[in-house]
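Listed below are the structures to be examined.
Look at the two complexes coming up: chain A is in both, with chain B in one and chain C in the other.
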Partner chain A sequence: MSEEKSTSIVPGNNELRPAHGQTAAIEIHDLVVKYGSKRAVDGLTFTVPTGTIFGFLGPNGSGKTTTIKTLLGFRQPDGGSARVFGYDIANQSLQVRARIGYVNETNSLYDYLTIPQLCAFSRSLSREWNQQVVDRYIEVFGLPPREKVGHLSKGMKSQLALCLALGSNPDLLILDEPTTGLDPLARHEFLNTLVSEVAAEGKTIFFSSHILSEVEAVADWVAIIRVGKLVLCEELDHLKQTQKVIKLTYIDLPPVSEIERLRSLPEVMSLAQEGRSVRLIAHGDLDTLMQTLQARPYALREVETVDLNLEDLFMEYMKESNNGR
Partner chain B sequence: MPNWLDVNPRSGVPIYVQLVEQIKHALEVGILQTGEQLPTVRQLASELTIAPNTIVKAYDELANLGLIESRQGIGTIVVANLDGRLHAQQQEALFQRLQVLVRDATHLGISAEVLSDRFAAAKKQFYQQQYEQGG
Partner chain C sequence: MVAKEFIEARWKAIICCLLALALVVVSTATYDLFKSVLSGTSSQMPQFLQQQVQQFTSSYSLYVWGNWFAKNGPEIMAALAIVLGSALIAAEVNKGTIFYLLGKPISRERVLLTKYAVSALILFAVTVLSSVVLLVTSALVGYSQPIGGVVISTLLLWLGVLFPLGLALMFSVLFKDALWPLICALTIIILTAIPGFFPNWGAWSLPGYWSSQAAYLGQAFPAKEFIISLIAAVLPLILAIILFRRQEY
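Our next item is the complex of A and B:
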């Protein structure tokens, strides 16, 4: 991609460029967060580039929410560090929170207030506030503008939470499982607003989810966390292009030495054999791998490459006992 | 809004690659004409519910291929196949498929003669039709 064309493809808005060399929105380094003796976050390190839609994935209990709470300053880290737009989360918490809009699935949104009252309340907590933006999104979502918050459905509360989070004009939106409880139509509306309005403004969106399909549709980057540790952090496109299943069919039953040879190849992440059929999960330089496979002493009847989607990749990484990438 | 665009986020093929392929195809079959305007990044993101960065990537790729161009104040426009580049690429892709075909034939144990015979028969069938149509 040629950098010179950046402003011309999207007139006047550089911020849609992938974040090569730009400031990181979030930088997490060796983060440790403990509950008692248990490490909910266990030496986590990754970076969220500015202007991206970043999907934070992991099974329930993997440390996603703890990570988010720590970024927001609700928890102090027990080790390591993190920065949001350069501000330290541990001792520059106010500056951090001023740049963030937070949407939580269990937002306590003061059920007894009406929406206008809640807006006024949120405004009072924010350094800058744009009620017109909030009103616009309330309308986009079709929320009843004068309703009591307590009368809204769970899904509508999520949508309202997003509206309010945008009112303070944050540079970074952090969403924790935001579409839980939303029916498919409402979920689509929510995601669509995120991509066509929020991301298009150049804001960074960091959202945790265990719904792979929606992450797959909108995320530029994904990070997978498991038992408090990072499994991978990569551009989604790059992940899909460099990780494939390769199915080999040998003419004769391959000997153990051949299987060991395959396993030892750097591009081979995992291998399963059933008789003459071998299934590899491969990553990295697939061209080199294909050449190596072709130049084998044991004759292959067939070599087939299968693309992996996010769900396939996720399952594969969850199976891995040693997460060596 | 292009109703012929259909991306599948759940595919193993990256979304931007799907976009590039589909827009290229639209050009090949004439759904998109020279001078036509493509949707803005924002419009397409909203239409397909995908990340704007993904669309930027696709548009960048298409621009690098010389198929589209951004014009100040107008938007993103389809430009003519510069120097028949698209056609040359299609030819190249076809010849690569030919290589694979012949290689697969050897793996299947098909002899060179049988392959030649089959090829000649196919040529006769399709190029003959061309002559008859005056093409």
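Our next item is the complex of A and C:
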């Protein structure tokens, strides 16, 4: 996990400054990308600090892939700007791509080529190429080194795509749904390599996914987008520290007015009541919230604080985002 | 990247090359047979057809030029050019490999021009090989052909079929599978050839400039044909570059 100072942004207050002495791998500012009149990415602003594993989350059709395609120059932005290691994506796309290793969601490679032929092809397209690195990762994944790409399984193709992406010695790896379609074992192997080998070399990893458990297992930072807009961007550890489930059990059934009072507290994201039990999902200054709860006039039998996992957080932010629409 | 393009196009090129070579052999080895068959049947033909057949079979060189450089050669080479060109970008988009390709630090112009150059080289190789087989087969059946005329006609045919290649490439940029570029390019080539079927409209037929009888027989240098074919080759390529630069994926 990275040691950056935690900095969060929320929509409407989108200034994120990397921690002292740290440069940004990706800086996106007010990015807009349209398909016809539809805004697939709508005023997106966030920063990816260097050396982090950054999980880019959102439901299907939320604009994750469009954002990635725009960073790589497959699409031109319709508004705003983005920089990768200081290079403007619109005007310096070649410099941007020279620093990036990219694995796309379909893992589409040239089936009629053998692995050595595909390596030679990739080398001819890259500014820098380290065949030893590719060979090492091919060995790590146990891929048949001279096999035709079309004869590899889907999991093997994902692993090969990662090997090839690493061959150009990129500073930033962009992985778009890299584990889609992989069985749990292949997914585990893929993510394990990503963390233990790639991130350990200090490379920045920006990956989109809707498999929240895998993001939680590897990411330092997460950003959540929905209908092209940023919902959340925060360091995962900080997010977990400041977002909890609080279970309150009252001695007597609390009145409706008390429930409404709790619901109106600024730290409470959502509330569910079941008899004498109330379940709060809270964020922000939790110490203050606990003091407020203890000071309420209705007697509590028990107060229990439970950590949220990323899936809970994601669902809450999606719900909140829906309500705020 | 060049090697990958050759590997990708190899089967199309080999099949079209074998077909072209078979047509060359037929075009060059059937003169005596054709002439003897016609001598027995020409009296039953209409007057205008008799004149055409007599002109066509008046010399071996004319027969070979008419069969290969004016008819079968342009047809088979244009077909190969369209098949190659229509898949260059559209097939990458269809298979999703365009993201692998364009994710690398190379310009779109380089991608497009490399693909075009490899296809042009394949067309050149097939055209030259066909001409070599033409000369060899002619010698085997006891006729000699004008080397200079064969060389100029070979170059002109190759330059001519760069138009369908560029056209197919241009449509390949616009579509997501290789079938539509093939249909569009083929339709345009057929349309440009239609004037050639009408008397006095031959000058408006673009494929008519892909060969020159006078050049083959060593009577004149086909400067006009070269210039028109060159312009026709360059225009769709420039359009393809502009379109590919703007295309979003």
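Just so we're on the same page, the second predicted complex is superposed on the first by the 289 of 325 C-alpha atoms of A that agree within 3 Å, B and C clash if a C-alpha of one lies under 4 Å from a C-alpha of the other, contacts with A are read in each partner's own complex, and residues count from 1 in each chain.
By definition in this document, contacts are C-beta pairs under 8 Å (C-beta built on N, C-alpha and C of every residue); 3 or more make two chains touch, one makes a residue touch a chain.
Model, not experiment: these values are computed from the prediction.
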Superposed model, chain A: greater residue contact from chain B or chain C: B
Touching partner for A:Gln117 - first (chain B), second (chain C), both, neither: second
Partner chain(s) touched by A:Leu230 [first = chain B, second = chain C, both, neither]: neither
Chain B versus chain C as contact partner of A:Arg127, first or second or both or neither: second
Touched partner set for A:Asn192, first chain B, second chain C, both or neither: first
Touching partner for A:Ile100 - first (chain B), second (chain C), both, neither: second
Chain B versus chain C as contact partner of A:Val218, first or second or both or neither: first
Partner chain in contact with A:Ala282 - chain B first, chain C second, else both or neither: neither
Which of chain B and chain C A:Val48 touches, first, second, both or neither: neither
First (chain B), second (chain C), both or neither touched by A:Leu162: neither
Chain A contact footprint on chain B (complex, rising order): 9-17, 40-42, 45-46, 49-54, 56-57, 59-61, 63-64, 70, 72-73, 75-76, 107
Residue numbers on chain A that touch chain B, as the complex places them: 1-2, 5, 8-11, 16-18, 51-53, 188, 191-192, 195-196, 199-200, 213, 216-220, 236-237, 240-241, 244, 301, 306-312
Touch list for chain A against partner chain C, complex: 69, 72-76, 94-95, 97-98, 100, 102, 104, 106, 108-110, 112-113, 117, 120-122, 124-127, 161, 168
Complex contact set, residues of chain C against chain A: 1-4, 7-8, 95-97, 99-107, 248-249
